[in-house]
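In what follows, subunit A forms one complex with subunit B and a second complex with subunit C.
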Partner chain A sequence: MKIIADHTLDTSFIHGLWPGFKLTVLFGFNLFLFFINRLYIIITALVITLLLYKVAGFSSIRIWQKVRSVWVFFAVLFVFHLFFSSWQNSLIVVLRLASLLLLAGLFTLTTPSSQIMETLERYFIGLQSFGAHPAKISLALSLTLRFIPILGQIIHEVHEAQQARGSEGNIMNMTMPMIIRTLKISEDVASAIEARCYDNDA
Partner chain B sequence: MTIKDIVSIALFAAIIATLGLLPPIPVPIIPVPVTAQTLGVMLAGVFLGSIRAFYAVLVFLFLLAAGFPLLPGGHGGIGVFFGPTAGYLIGWALGAWLIGLLYEIFCNSLTSVKEIIFLFLGSIIGIYCPGIIWLSYEADISIYQVCLANLFFIPGDIIKVTIVFFIIRRLRKALPNALR
Partner chain C sequence: MSEKHVIYDDMSHKSTIRLENVSVTFEKYTVLHKLNLLLDERLIAVIGANGSGKSTFVRLLNGLVLPTEGNVTINGFDTRREGKAVRRIVGFVFQNPDNQIIMPTVEEDITFGIKKLKKEEIERRIEETLQRYGLLSLRKKRVHLLSGGQKQLLAICGVLVMEPHTIILDEPTTQLDLYNRKRIAEIIDNLEQRIIMTSHDLLLLKKFERILVLHEGHLIYDASPSDAIPFYERLMA
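Entry: the complex of A and B
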């Protein structure tokens, strides 16, 4: 089982920018777009986004990949607004959505997950005064990433066991042993961490 | 939060992520697929209770924002929080919290009917409300029309609630300590 994050390893001006800065620009830009209802501003925003893709060295295929999963929705939305409001409005709605998604996609493409997590975890330290524990949040995040392949393994094993018995069609026969095994594992992991004296009341 | 709490939060976040590996069922008109991941959201609410279930979904959403493609079909990245499904994702946190809360309040007087009602309340009020509001705002469609399109989810939800209900019932017999 593989989980591959979407970012690329190329180096460009945008790849090298500080992720916190990119995140702030992304949120600022998208917030701005949400309150704008002028067609020419939204077209400008879309052109800027497409130019940024070029600056980062991505081909048009990348841009298409980002939009591919939602283009049917875009088409339906466009036709819908064409009938119920004006053609300007349908262009505004669709183009705004496209530039929102494309800019956010550019951020994911140019920033490795480790950097994003690092940046966001820095914000947790700011939340400390509100009762958040950055160390515990980090523990939960890394445990989650570790649990995903373990769960995949359990699914595989249970499936094989049921196949051997010839009862693979039954959903309940699959899920019950899976859930019981995962709950057992969580108990084991918790006691393993406690046995190593991980700070319990930090 | 004890270590045990953190481990179970991480476990259910991972369960939600793993259920995303099952292929999504596309729904006509609206770009929000039927996914098995809400099964994990409901289970988290039932097993963990309000606060911890809420955190479990938050952990999942955080990893999603960090760029891991944990949604069905390999979607992920911060873009999903600006896309048409963003409201439903926020709704997962709300739905898990609501189911957990209802189970906590009525933990001494649970009946099968009540459980089914709770699970439906969680998925309809918790998950749909933010989803519908966001989708109608972003796509500039009236709330009534989005609600109509949303009806496509109801059959999937009935199946999911049924599965969760039977899982819980059988787990009570198999592991009486797992559920309070």
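Entry: the complex of A and C
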């Protein structure tokens, strides 16, 4: 499930909601689902989530795009739980997880990453008294969003280079070039952040 | 008026860069040897073979690399003691835009260096810069979906939006195709700021006023393109 940096530019009711409100609802919804063990409530929660996708203007195809990369994981999880508990409990675990991930996906689809960062920064202000630095946490999260595609690209390039040299599927051979390139990038990015006048005290 | 105050009155290139007895050593390896320079031309290029010290040299000029010996001053600001002030007036465009673009979308990345300005001023600068360089339609686009040329353009815009007096470009066209090379070259030609650029693309440097040739960490030639380029070609032959 792709839940990062993929917000759309539509202007539905949900797109227009204040990000802080959406994040609070997401947090509350997740907390609620964790303490609920009734199948009909979990199914209702999933149906509500799917309805919210419709309200936000997303087609069923978009919902499937969100789920297709993890449906195998859900299937394995379901089978795994069948060994230890009833099918109802297994279904609860899988549907709960699906609801959580879909709702988190809806949040990122309807909220630009800059607004997510600003909201998180505001939330983290409360942690300042414990030595946390909200602006730095926010920057770290932005960098994570930004560099996931680049890391994916590096994995692809290293894999291709290994294939070209006749070595396929050897994780160990891929690890070292991956680490070296990632360290080099992190060094360059640190320089770029400095060169672009990032203020530590922001 | 002291030299330091001039920079905020005048957007022209009349600022000066001084290197006094500057050496840079990484562990036991000396990358740059005893450089003494006064740079006050608008278009300055640095050329040399791979590993000659070009990137280290330009990094010295905005305090990303500090001299092991000697001093570098930009309009009187010492890069060692006043790095932040130096970086506000000296922008830096890196060789690989992927490593310079920090934020996930075009608009967010452009905003990165000017976050502390007023909202209206941020909006004005973003609008103007994106409009001027033809990126306005990509404003909300995710940066990993941009082409190589668009990324390099965004990297340059991310620096220009900060309105620096000097822009350092470290091999800005190395990773680009011919079309994008020409486009970036045109943009560089039309910039009003002082430009300090490293490049292997000698055609790009013909309009420059001064070329420094580095070889194994030594400044071995310092002249106009008409003298420096033939000298460098002979050196590399």
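Going forward, the second predicted complex is superposed on the first by the 118 of 202 C-alpha atoms of A that agree within 3 Å, B and C clash if a C-alpha of one lies under 4 Å from a C-alpha of the other, contacts with A are read in each partner's own complex, and residues count from 1 in each chain.
Definition applied: contacts are C-beta pairs under 8 Å (C-beta built on N, C-alpha and C of every residue); 3 or more make two chains touch, one makes a residue touch a chain.
These numbers come from a predicted model, not from an experiment.
Student: So, does A:88 touch the first partner subunit B, the second partner subunit C, both, or neither?
Tutor: neither
Student: Just subunit B (first), just subunit C (second), both, or neither: which does A:167 touch?
Tutor: neither
Student: With the two structures laid over each other on chain A, which partner does A:197 touch: subunit B (first), subunit C (second), both, or neither?
Tutor: Only subunit C; A:197 stays clear of subunit B.
Student: Examine A:128 and indicate which partner it touches, taking first as subunit B and second as subunit C; both and neither are also allowed.
Tutor: After superposition on chain A, A:128 lies in contact with neither partner.
Student: In the superposed model, which partner reaches more residues of subunit A, subunit B or subunit C?
Tutor: Touched residues of subunit A are more numerous for B.
Student: Figure out whether A:12 sits in contact with subunit B (first) or subunit C (second), or with both, or with neither.
Tutor: neither
Student: For A:138, select first, second, both or neither according to whether it touches subunit B, subunit C, the two together, or no partner.
Tutor: After superposition on chain A, A:138 lies in contact with neither partner.
Student: Between subunit B (first) and subunit C (second), which does A:60 come into contact with in this model arrangement: first, second, both, or neither?
Tutor: neither
Student: Now for A:120: first (subunit B), second (subunit C), both, or neither, which partner does it touch?
Tutor: Touch partner of A:120: subunit B, not subunit C.
Student: Would you mind listing the overlap between the subunit B footprint and the subunit C footprint on subunit A?
Tutor: In subunit A, residues 5-6, 112-113, 143, 145-146, 150, 185, 189, 193-194, 198 are touched by subunit B and also by subunit C.
Student: Write out the stretch or stretches of subunit A touching subunit C in their complex.
Tutor: So the residues of subunit A touching subunit C come out as 5-6, 9, 112-114, 142-143, 145-146, 149-150, 153, 185, 188-189, 191-199, 202.
Student: In their shared complex, at which residues does subunit A touch subunit B?
Tutor: 1, 3-7, 23, 26, 30, 66, 69-70, 72-73, 76-77, 80-81, 85, 89, 93, 97, 100-101, 104-105, 107-108, 111-113, 116-117, 120, 133, 136-137, 139-141, 143-148, 150-152, 155, 171-172, 175-176, 179-180, 182-183, 185-187, 189-190, 193-194, 198, 200
Student: What part of subunit C is in contact with subunit A in the complex they form?
Tutor: Against subunit A, the touching part of subunit C is residues 59, 62, 64, 83-84, 87-88, 91-92, 94, 96, 98-105, 107-108, 111-113, 115-116, 140, 142-144, 158-159, 162.
Student: What does subunit B use to touch subunit A in their complex?
Tutor: Residue list for subunit B touching subunit A: 1-4, 6-11, 13-15, 17-18, 21, 29-31, 43, 55, 59-60, 62-63, 65-70, 73, 75-79, 81-84, 138-141, 163, 166-167, 170-171, 174-175, 178.
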